[in-house]
Structure formats: C-alpha cells, structure tokens
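Across the two complexes that follow, chain A remains constant while its partner is chain B and subsequently chain C.
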Partner chain A sequence: MSQPRVVESTLEFPYSRSLGPVVGGFLAGLKEHRILGIRSADGKVLVPPLEYDPNTGDTLDELVEVGPAGTVGSWTWVDAPTPKHPLDHPFAFALITPDGADTAMVHAVDAGSIDKMSTGMRVQPRWRDEAHNMIDDLACWEPA
Partner chain B sequence: MSDTTTPKENLVMNHLVSLSYSEELTPILERYVDALIDGRIVGHKCPQCGRVYVPGKGYCPICVVETTDKDEFEVSDRGTVTGFTIITPVAYYGQTETEPFVYASVLLDGSSGNLGGQDIIGVAHDQLHSGMRVRAVWKPPNERTAEGVSNRGWGSVASVIDAFEWTGEPDADRSVYEEHIF
Partner chain C sequence: MRDVAVVSYACSNVARDASHNETEMIVPVLHEAIEKSGLAHDDIGFVCSGSLDYLQGGPFAFVAGLDAVGAWPPVRESHVEMDAAWALYEAWVAIQTGEVDSALVYGFGKSSPGDLHEIMALQLDPYYLLPLWPSMVDVAALQACAYLEANDATERNLAEVSARSQRNARENPNALRKGDVTAEEILQQPVTHRPLRDADIFPITDGSAAVVLAAGDVARRVSKRPAWIRGIEHRMEAHGLGVRDLTRSESTRAAGAAAGVAPGNVDVAELHAQFSHEELILAEALGLDGATTNINPSGGALAANAVMSAGLVRIGEVARRITNGEADRGVAHATSGPALQQNLVCVMEGE
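On to the complex of A and B.
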C-alpha cells in the first residue's frame, strides 16, 4: 500500500489592536529597555501591568519601573522548540519576578543548557534589536 | 523604582495568528482524491436510505450506518445550480479576488448534497439563476492535486476543477433543486 497523502493547510487571522495607556505604556517602556508594572490599590506592583485592580476592579494608572534584573520561580525546559517558540534552540519557559515587582511574568530564559537552570537564579533581560510593539521586544531573559 | 508618566503615543500591536496543519488524509479521502485526479467524482451511497455523500463520510448520519468502499458511488460531473451569490470583494487579508465573482452551489447529478463555492462560467453574472445546467471544467490531468482537501471539511474540488460551465441545456425542473437551495 502506498503512503497516505499529507496535505498542508494554514489558517491565518491578522489582528490590529490599539493598546491604550496601560498595555501601550508597558510596550513603550520595552522600546526604551525599561520594564514597567502598575501599582494596585493595596500597593503591590503588578507586571505586566493590568488595566484594572484584580481585587477591587478599579482603574489603575500608576506605572512603576521595575527590574531590569529578576528572579526565576518555577520553570520548564523546552528541549525541542517548534517554529512557534520564541527561540530556535532549547530554552526554558519560566515565571520571572522582576526586582521590585510583586508578581511574576511568563517568559523565555536562554540559559544554553538545562543544567544552568534553577529556581531562584538571577536573570537579566535581552532586548530585541528593533522594537515592534509586542512582548518579545523583551526578546528573552538570560542568566545574570 | 521610579514613577513614570503615561506615554501620549497610542501604540498599536499587529499580530498574525497563524495555524499550520499537516494531516494524512483518511482512506476514504485518499480514494476520493485518487478518483478526482483520474477525472471522476466519487462518494458513498447509503445502503439503507440511498443518500449519496460526496465525498463519502464512512457513515450515513441520517441512518447511523457505516458506509465503506463497497458503497462507493460515482456521481456525474454535470449538475444543476441550486443557488449562488455574486461577491464584490473587499481587500481583506488573504482575499486575492479583485473583481466581483460567483460563489455558487452545484447539485451534481447523482449526489444528494451540494458542492459549495463554485465559479460558474459561460454566462453573464446578471443571467445566473437557480436551475441552470452546468458541467465541470477539469484542470489538465497533470495539474490536478490533493491541495485543499482536508479531513476537517467536506473535501473540495478546487484543485482539480477550475469552474462549472453552462451547458446551454434547458433549466432543470424546480423539483430537482428546490430542496437544495443554499
């Protein structure tokens, strides 16, 4: 019996999204190599910034600079990245708490090898060469 | 930590969600595509109710009985236009058409369901109507492929048939297509 045919197809949905002052502020910060969070009603700094207070629902508007270095919380190693992943070689997805922030953000850590990864390790941002208003303007984190 | 001011600039994020699928066709669709490349359109005829599905589904959803290669049934490459739309394209992402075009449903002779999204040629747009008799304009055999056939849809003939052409025959009787207008 011959090999079954394999057919390829691609579905694409383009989105163009006006970011507003909070998410737009965050991305404008990345463009300047600064990481911004937002202060919630109870004084905590949320990164990336939310437009509302998760406890009260109130509008938030006080952007606060954090980092640039941070600390890895939990992480998972991606041994065989797909074309959709942020890096084309093995890396970690990690929860990273920037210095001065009270929350962690999910991002990629380019550690080179799983042996270099540990909870509590210090990391610093690596910036994308040319900003394009997306989260990967912060290209990834690397061991500090 | 230092307080910062909100930027005045309103940034826009452009994002393309792109999902790529790579799939092996089911054995039924394999036979369907083999036949299409050979210039034949085949489906499955339900052994219980006689409905003909193109391509075959492997079952009749009305009778809930299995259909197999033994129930394979060839339908004609001629049929009747049951309904149509003239689409005036707007230049949305991925739209390659620039002029008004036809999107017609064709009920092939012998089939129980329409083939959707077909171009009708040989007749002016303002002369199109339900009941028109049409025949397939096949691509040359060496240009026929499996492209566009997927396990998730009803299959497609766009990779083997360019359009349907008005035959010039008298219109089909209304009873042929009135239950199939879509």
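On to the complex of A and C.
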C-alpha cells in the first residue's frame, strides 16, 4: 500500500496599513485607556467609530469620548475558547453599549461563569498591559 | 424587461466528500442540469458560478468549476465570490442585455476540510472584530439572543423551526439532517451557543447545485412549465453588527418589496436560514405566514447548507415545485455576510 502524500503549504499575505484618523484615532484612544466614538450625521454616537455614516454615506470626523463603563445587550457564551480567542477560559461574546454611545460594540466579557451574565448588566473595560494597536488593547470587559 | 425562467435544477449534498475534489463533485450536477434543461451544452450562452477561495485555502477557486464546465468550445464566463444565487442574478442581467438567451449557473464548496465556523470570521471587520475571532455561530447567537428578547420569544420557538425543518427534509434526498423529531425532543438537547443548540445550526455540508435559465420562447420550447422570474433584487445593510437592528432584517424587507413579493399568494417559500432564528426573522421581513405559505418544504439550510450553493438551491427548489405543478407562485431567498447582512429575494411564477 502506498502512503497518501501530504503537502503542507502556508499561504500568507502580510501587509501593514495606515489606519487613518478614525480607526487609528480609536486605537490610539485605547492606548490611553479611552474609548472613542464618532458623531453621525443625525447626531448619534457610533462606537466603534465608522469613517462614513452608515445611513447617508457622509464623511464623519467628530470623535467623542464615551464610557468607560457600559451595558451588555445581547450575549452568548463560549464554553471552549480556541487559541485565537481573547481569553483562555470560558467567556461571553456580547454587544456592549458604552455609556454615552448609541450603538454597541462586539467584545468579550470575562464574567467567570454563564450564571453571572445577563442582558442589561453593567461592565467596565479591562486594559491590556502593553498596548499593541489592536482592538484587544481593550483586553475584555468585566462585571462592574 | 425580458421574461426569464428557471428551466432546470440539479443539486448534490453530502456531509463530507473526501473521495472527490471540487471538479469531480460538480461534473455530475452540471450534466444533470444541462440534460434536464433540454438545451445542448454548446447552445447555452453564458456561464456564471459562485465559489469561495477561503474554503479551498487558495486563490481562484472558480477554476475548479471551469474544469467541470469544459474549456472547449470557449464560453462566455463570469464568477462571483458569493453564493451562486448572486451568480444567477448576474446571469439574469446578462440575459436582460439581449446578448444571450440562456445561462448555466452553478455554485459549489467543500466546507468539511477546514473549520468553516472560524473561516467565516474572516468576513468580519478586520480591525474592530476579526482579532477577537467570534465564530460564525457566535455571531448568529448574538442575533438569536437579540431576536428572542425583542420578541418575547423563547428557545421553544427556535426548536419548532428546527423540528419542522427536519420533518420536511425527510422527503428531500439531498438533505443531511432529517428525522421525525419534535420540538420537545430538541429542547432536551444541550445548548451549545446560547441560545442555540446543534439542531438550530446548519449541518456542515459539501455540495454543489446548478440551474439553467432561459429567456422567453427558448424557455417555452424546452420546458412545459417554466418558473418565470417575476422579480429579483438584493439589498445590503451596514457591516458592523452594533449599528444595525439585529432583531429584524431591513435589507430582506427592502429586497422583498422591490422584487414584488406582495401582493399575491405565496404558495411556497425557500428561505436561506442557516440558523433557526433566521427563518423567523426572514419570514417576518417578507410578510410570510406559515399558515398560508409552505415555508422551507425542502427542510431549508438547516437540512443541508453547502456553502456557495445553498442560496441557489433555494431558487432551484421553488422553481422545481412550480414546474411540477405543486405551486403557482413562490419566493426564494439567499443570504450573504455575517448575521443576514445581505439578502436576495427572487419571486417566481408558473403560467
């Protein structure tokens, strides 16, 4: 019997991108432990900030600080995190609306157990020790 | 506008097709669709496919499909990196131009070799969301949670959808998940992605599907009862999950209104709901009532969901029921993107 031939290849497209004033501004804020949203054409505060108004297409540029605490909207529980996940023990993915924001952001909530999770619960950010210009500079949220 | 109809449809689905590559998987489906169409292969004016590079882990996945179509004689060909329902839309536009009178549309994908739920995270925002790697099911669960809370609905409402899907699928030879199950039995199963259970989540499926479209007199010549496309539209919402209302599908509503779902009876509807709650959201967006419309008689995507062809299958299943006389008027829906971001609606009628 012949053995099956296995060929392993790793395909990568590495690149770096200048993030610009809106996405870059948001990530620079996280570095300073500040959460920034952006004011939309109809006066709402969108978090995380978008470069263009999702309804009108207008260019947006007025960054607004929100939070730091927030409220959990819908959520789900991750029993078996993968190595890619932000936490190495069970946690929740949730839509979190920071105080003063009109939209929610998806992030992880380190609640310890599913019983501690509920819609409407209050959470506060936990910051990553050394910032690296990624969304997980806000390491996760935790019950406030 | 030219009258365009679906004149044939073929489909394959298996849980894991380890013994065939994509080309080998597609060939019998293309042959069946062409044979049933009554058109000669060489007479088909346009070819359009839907496939996904990320499933193969390499660029130019559509070339595997072209190998199945045949490289000679030369064909007019196009391809979308989307479900083949959007390839059908492009083919419909090509026929509207008057350049061609018929088209072969197909989609294919093998989800089983990789981790599909994780691969689909790659369609999320690369800066704000992808680095956290919520899986496709995590994202769906966030929408399910939002829907249930906004509508005072419960996991029982989800279980009723998945139980009906499995019962309907018993009649479908291409369905993977089927059985005589009740909502009570499903509710006994563990919740894996709150509020979802395995039964609320589509089964991993390898497969392909093909449809032949024909215009006016060509369709009348080859089909006793063509399934005429009366309206086909697609609409998209914002990419960010937090900026749109996850409890409803505005893009489906808008596409359905533009395609002309109302007024008129809808005898049959095939909705590309990959999760139980999505069927509830989609039916509401299209104004469909299970009492008067047979929703997902094939079992829908909860019975078999071959990525890149499952939306085309919805169109094929409705067309098949019109052609065989089971239905006079039907609605097919296909979706793309995270949590029902983009939606296509196709209204078909028999004469």
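As a working rule, the second predicted complex is superposed on the first by the 131 of 144 C-alpha atoms of A that agree within 3 Å, B and C clash if a C-alpha of one lies under 4 Å from a C-alpha of the other, contacts with A are read in each partner's own complex, and residues count from 1 in each chain.
Here is the rule we use: contacts are C-beta pairs under 8 Å (C-beta built on N, C-alpha and C of every residue); 3 or more make two chains touch, one makes a residue touch a chain.
None of the values given here were measured: they were computed from a predicted structure.
Engineer: With both complexes overlaid on chain A, does A:Glu62 touch chain B (first), chain C (second), both or neither?
Structural biologist: Touch partner of A:Glu62: chain B, not chain C.
Engineer: State whether A:Pro4 touches chain B only (first), chain C only (second), both chains, or neither.
Structural biologist: Once the two structures are laid over each other on A, A:Pro4 reaches chain B alone.
Engineer: In the superposed arrangement, which partner chain does A:Gly20 touch: chain B (first), chain C (second), both, or neither?
Structural biologist: In the superposed model, A:Gly20 contacts chain B only, not chain C.
Engineer: Figure out whether A:Ser74 sits in contact with chain B (first) or chain C (second), or with both, or with neither.
Structural biologist: second
Engineer: Touching A:Met134, do we find chain B (first), chain C (second), both, or neither?
Structural biologist: both
Engineer: Could you tell me which stretches of chain A are touched by chain B in one complex and by chain C in the other?
Structural biologist: Of chain A, residues 11, 19, 27, 134 contact chain B in one complex and chain C in the other.
Engineer: Quick check: in the complex, which residue numbers of chain B touch chain A?
Structural biologist: It is residues 1-7, 9-25, 27, 30, 33, 93-94, 146-150 of chain B that touch chain A.
Engineer: Enumerate the contact residues on chain A facing chain B in the complex.
Structural biologist: My answer: residues 4-21, 24-25, 27-29, 34, 36, 45, 61-66, 100, 132-134.
Engineer: Given the complex with chain A, which residues does chain C contribute to the contact?
Structural biologist: Interface residues on chain C, with respect to chain A: 57-58, 118, 127-129, 131-134, 138-139, 141-146, 149, 192-196, 238, 240-244, 246.
Engineer: Given the complex with chain C, which residues does chain A contribute to the contact?
Structural biologist: The contact residues of chain A facing chain C are 11, 19, 23, 26-27, 46-48, 50, 54, 73-79, 82, 84-86, 93-95, 97, 103-108, 114, 119, 134-136.
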